[in-house]
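Input: structures, listed below.
The same chain A turns up in both complexes below, where it pairs with chain B and then with chain C.
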Partner chain A sequence: MTVSSEQHIEGKRDVTFRVFRLNPQVDSKPYFDDYTIPVERGITVLRALNYIKENIDASVSYRVFCQAGICGSCGMRINGISKLACTTQVWDELPKCREAGIIKIEPLRNLPLLKDLIVDMDPLVGKMKHYRNWVESSMPEPEMGKKEFLVSEEEFSRYDKATDCILCASCVSECSILRANKEYVSPAVLLKSYRMNVDTRDSLHDVRLAELVQDHGVWDCTHCYRCQETCVKNIPIMEAIHGIREDAIECRGLKDTAGAKHAEAFMSDIEKKGKLVEATLPFRTNGVAWTVKNLLPMAVKMILKRRTPPPPPLVKSSKGMKQFREEFREMTEHVKDDHKTHNK
Partner chain B sequence: MKPFDIIIVGGGGAGLYAAMEAMKTNPSLNIAVLSKVYPNRSHTSAAQGGANAALANTAKDDSVELHIFDTIKGSDYLADQDAAEVLCTEAPKIIRELDNMGTPWSRLDDKTIAQRPFGGAGRPRCCYCADKTGHTILQTLYEQCLKKGVVFFNEYLALNLSVKGSRSKGLIAMDIKTGKIEAFTARTVIFATGGYAKMYWNRSSNALGNSGDGQAIAYRAGIPLKDMEFVQFHPTGLRKSGLLVTEGARGEGGYLVNSLGERFMSRYAPEKMELGPRDLVSRSIETEILQGRGFDSPAGKYVHLDLTHLGADLIRQRLPQIREMSMYFEGVDPIEEPIPVRPTAHYSMGGIDTDNQGRTVMEGVYAAGECACVSVHGANRLGGNSLLDILVFGRIAGHTAAEEARSFEPGNITDAELKEHAEEIRSYMQPSGHYERYGALREELGHTLGTNVGIYREASLLRKGIEEIAALRERFKKVRVFDSSDVFNTNLLQVLELRNMLDLSETVAAGAYAREESRGSHTRTDFPTRDDGKWHKHTMATLVDGKLELGEKPVTMGRYELQERTY
Partner chain C sequence: MKRYAYYLSCINESMTKEVDRSIALWQKDLGIELVHLHESTCCGGSNLDYVSPKHFALVNARNIAHAEKMGLDLVVSCNTCLMTIRSAKKKLDASPELRAEVNEILKKEGLEYRGTSEVRHLLWVLIDDVGLEAIKSKVKVPLSKFRIAPFYGCHILRPSTVLGKDNPLDPSSLDQLIEALGGKTIPYRHKNRCCGFHTLLVAEEESLSVAAEALGEAIEEKADFIVTPCPLCHTVLDGYQSKALKQAQIHSSIPVFHLSEMVGLALGYSPKELGIKRHIVS
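The block that comes next holds the complex of A and B.
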């Protein structure tokens, strides 16, 4: 007993929590409050917040429910990264502090702030509705409950991991597109859309896909991978996003939307030259009229700053193109084969 | 706001199923779900193991009949046999219905829904999705509700029923986002607010919000509660946090081991071993610890749940969440070493007394799920029957309310009633005369319940528990809400939830004191055997003129005679 009590003391230190505060009723702008409390090794950030709320400042506000990493309520930014407070150990955060011994706690980004660490989840729910994030059963309602669908292990495995999502909105908070465009579908909703689209029991695939390729949809993602890096359930969200894109190209063709055309332009450049011909990329993606209307001012600025990409004739092929083309062809064949077997 | 036909309080499995079924039954009704959290946060998500149904996919000789018998035997013969029959008969249909709506059930090689063994069940009949069953069911139901356009009032806390005579006029609730007290005039109200086991605080696996709001509201409105003394202790809570390690871990072949390295269940359930029913396994662990064969640590005494022999692949594939939780909250990787566990308050068998259709004694008020007591679980619930209960009876309650709603005239909730509630809430924020700290009261409540109304109970302890609860209720009158903000006042929320837990704790302790026998989860060391002569009946707890009155109700029997319950 004495030994463990000693270990107890060794694993204890003072930690400061720098907590984002804003009560819209009284504050005109946000500020930070510092709370320094004794923390034992093994304590989660959520338990530390509970301690602060109960012993120092009852007005610190955050959502909390299951405390076990399954309900998704306590998503917040801890030392700048969006995660669940209930599964984050204070000890693990200490080496990540910008100022030694001070853990910064902020609300999730990209969702409207309500108070302190609480953000409004309604926009996310709205998007789930807009993109029909439910299985539209291929079984008519009166038939339901009579027999089960037969689902193979392989079919099940396509959506198994995606159903781990607890809608904690960490990915939403980290998404670099959402920072610029709040109307963007968002990673969580793309993941859920994908999960529905690969479910053999669903019958809404085409309708959902048609919506996903519109503006603010799947083609707006810039592959920054922040969603996947931050996912508290380690779900490969980017695989879902790529999955939707590949599916869209396969089902709807390459001329369908700007996004598809953009992808195609990339592919043909790489195939021909091994590098991008950037100067003509906007024309090929969005057409001449759109480009002239939307990008001309920027083009002028770029010319003035001498930051224009080289004109197409000056873009020389990369070295070793011959061998590269062979490998490229092999790769594309490979991917096509994969798709065929996957979609059978 | 115009009157609602149905207001459903609670957005977990029971509430969402009730909403869908009510809409299906009568699409012209004005229905809304009111929930203190976003529905997808509800505690249904924490159910890991699965839901029982005699699909006979895994064991071809399984049948509804066997499921009924296991449920009744598991309940220590306190379940109403007609209710258990409804539960088990509806089970296969509801599991298939969920499959048809998109629940990602794990599959067998023949592509049918997989089933695994669970405690107290004679056949492997627990349908599951890895160890995230409740989570995926909740997601499915929430998705389907979004599809059907169910109206949600998210982050509203229900405060009280507005009652006139024997009739409910609707619900008084607080918008958590604004602090405003609002009237939800409604022809019918369905309570689906989940359990009350969080009153055991850090010896509970429950979410913070499992404070028995619906039961407390019903109780204050004079609706009787049934069998409140029956609180299930789950055998395997994590040592430090009380968080749950699913029974699935034992279903997959995990061992319980004491400090002498013995698989001690051989002493208590030689045949079923680790897969004995929960009450028995919990008592066995508690006995091992009390007799000095547990492990010791600053965070309390415990035994080992050993999964290491199952192999890394199986653990990764079938119990990924358990592995994650053991690592997050205990720093133990179950692939490498055993998990430290001890029993934790997990489930409330008791709740609002309803008939098999979800009706309470008050006209227009219904209840379903863990907050109700039909009763299908009697003195002890079988693993895998709680998800089933919320689905089956959530649907039934939704159907009944939809059929009956239009037969009730809507009442009128007065401004005076709302004002009264607002003033009471404001009073908690007044510094004069209000100094008790919520945290202290809550810790003490959890402590006295754990010590005096825990797994092993006896008269002197229970008397002490009742006295301490009364003292805590007195002190609560002086509780102080330190946050005076209207917007998202989570401190106020905590205090209002504590009030509900305090109101209910009295019924738990009083019921336990009165019941002089041992049955299911209720173990009296001073009355160690089941006494069918005196106590084969339900306990009813009703608030009459501000005082708790205990009554009784007979158990509905059927084709199964009373037998001794051995495993």
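The block that comes next holds the complex of A and C.
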């Protein structure tokens, strides 16, 4: 009895929603409006916003459609984190408030702002088009409509998770590199490209991959895992990004990029020394001219502080290197066998 | 004295030698002994896993198997090594086939990956094994005059399915350690953000812009220094600092300390002994 009456008391309270406002046609700069409303436990942030719009201020603007975590329309930053308003419980947000009882609501980052909580999704759509993120059928035209295109369960399992994406752009909003450069492909687009590239019905794989390894593409991801951590559908986005990279390294002709050379240096150094030979890594990644131009001033400072990595001959190999190298090469044979089996 | 197998990170063997040197100074003061694992090899630095997933599994199964042979947990002081080796462990523990395949190869060295050793960051060992109260009791020079910006770095937090110690949205372990050493933390929004290290050679401008944001906030909040548990973050925030701040047109600077140096300072060691003079920004 005590428990239920306590729950009743805790089950309703006044909560303030501090909402980001900007109407570029009227306002010269953004501001926040506070709306304090009674909220019951179990109410989502989206329902609270609906209440504000219906009862207090009809001018508050946000996108909303399904209200059930399916359509991806209501992505916004709640207490600083990008997520869906419709699947976020007000009660769960209360302990995360910087100021007690005040939930901060802001638009997604890294996309142009249209009004209040509404961002322009066109740049994202544009990138989806640029990387041709759709299946272009590999079935010859005369056979279309006459034959089924069967996908095995095993094939589907490779991109099953990726198909969960609802394009809410939470990952886009949280991406570290996109924050630095809006030209960057962005995590949602990489995820979709991966999903298309592993689809056996698709014929655009090579074209798409060739574009993905260009500037602002897959190699610019800095492995911060913020996209994956905030994904509202728990999709392992980094696995997709790594999947594209693995594919690019395996495909002949696509290795001639700084990103691929940098990644492959790890493999060869481990085999040779067991350790990374850091001194030559910039040269191997970007060539001599780039290294001299970009890193020389810093190299001088590092030499003065005795911080430079040792030249290759002075990099001490790991203990037991001879045995390790044999093991490493034995695994190389396994990988070759795997490829043979895979290609059959 | 609690013992651990200590994984030797490539960067701590070359550019950030002060990390291992400073740990060696104070480890016994806190009742821990880190046994250097000279057999360990590069973890693949968050790259080998996609260049060759099988080699990635082999290399890190071997790194962990050496610790298992000694009956010790594997302790790491670089975030990316931590995340990378833990990712491999997660894959190995989930797949009997992969385990069997690498063990067939490791057998020739008298090694077997069994999954019995944990892979932990030095920060976690300090908090969970040594304990904040014990650390407090050993402090000789409290850091009370310093306002400190705790920069966690990505790979001690994310992916949380692999790391799992701190809440990646609001981490607190490093803050707790700073307070135990008598220091004061500043509210630091960038504490769980990225330093940009992994794209320094591929997308330098973007990396520096990411770094400048983290540096800029600490400068604006008037922190005395930034502290990080990761030598890769340190390399960007210290080594590339002037370049990053110049690009962002911020005319200031801020020292960046390793976790191991901050502990050493509070335990009474001098900046010189700890290797702080080796930093680019003083």
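Keep in mind that, in the parts below, the second predicted complex is superposed on the first by the 260 of 344 C-alpha atoms of A that agree within 3 Å, B and C clash if a C-alpha of one lies under 4 Å from a C-alpha of the other, contacts with A are read in each partner's own complex, and residues count from 1 in each chain.
The definition used in the following text is that a contact is a pair of C-beta atoms (placed from the backbone, for glycine too) under 8 Å apart; a residue touches a chain by one contact, two chains touch by 3 or more.
Here the structure is a predicted model, which means the values were calculated and not measured.
Judged by the touch definition given at the top, the superposed model places A:K146 against chain B, while chain C stays out of reach.
When both complexes are overlaid on chain A, the residue A:L94 reaches neither chain B nor chain C. Legend: residue contacts after superposition of the two complexes on their common chain; A:I102 is shown touching neither chain B nor chain C. Using the contact criterion defined above for the overlaid structures, shared-chain residue A:N55 touches chain B, although it does not reach chain C. Of the two partner chains, neither chain B nor chain C is touched by A:I37.
After overlaying the two complexes on the shared chain, residue contacts for A:F65 are found with chain B alone; chain C is out of touch.
In the superposed model, A:M298 lies in contact with chain C only, and not with chain B.
Taken together, the chain A residues at the contact with chain B in this complex read 1, 4-5, 8, 23-26, 42, 44, 53-55, 58-59, 61-73, 87, 89, 114-116, 118, 121-122, 125, 128-129, 132-137, 139, 141, 143-153, 156, 159-160, 163-167, 196, 199, 201-202.
On the chain C side of its complex with chain A, the touching residues are 10-11, 13-16, 38-42, 44-55, 58-59, 62, 80, 101-102, 105-106, 108-109, 154-155, 158-160, 168-170, 189, 193-194, 196-199, 201-207, 209-210, 213, 239-240, 243, 277-280. The touching residues of chain B, when paired with chain A in their complex, are 24, 37-38, 40-43, 45-46, 55, 93-97, 99-102, 104-107, 109-113, 129-130, 132, 135-136, 139-140, 143-144, 146-147, 154, 177, 207-209, 240-241, 243-244, 296-298, 321, 324-325, 328-329, 331, 437-439, 481-483, 485-491. Chain A makes touch with chain C in their complex at residues 80-81, 96, 176-177, 179-181, 184, 219-226, 228-229, 236, 238, 242-243, 245-246, 249, 258-259, 262-264, 266-267, 269-270, 274-276, 278-279, 281-282, 285-286, 294, 298, 301-302, 305-310, 315-316, 318-320, 323-324, 326-328, 330-332, 334-335, 338.
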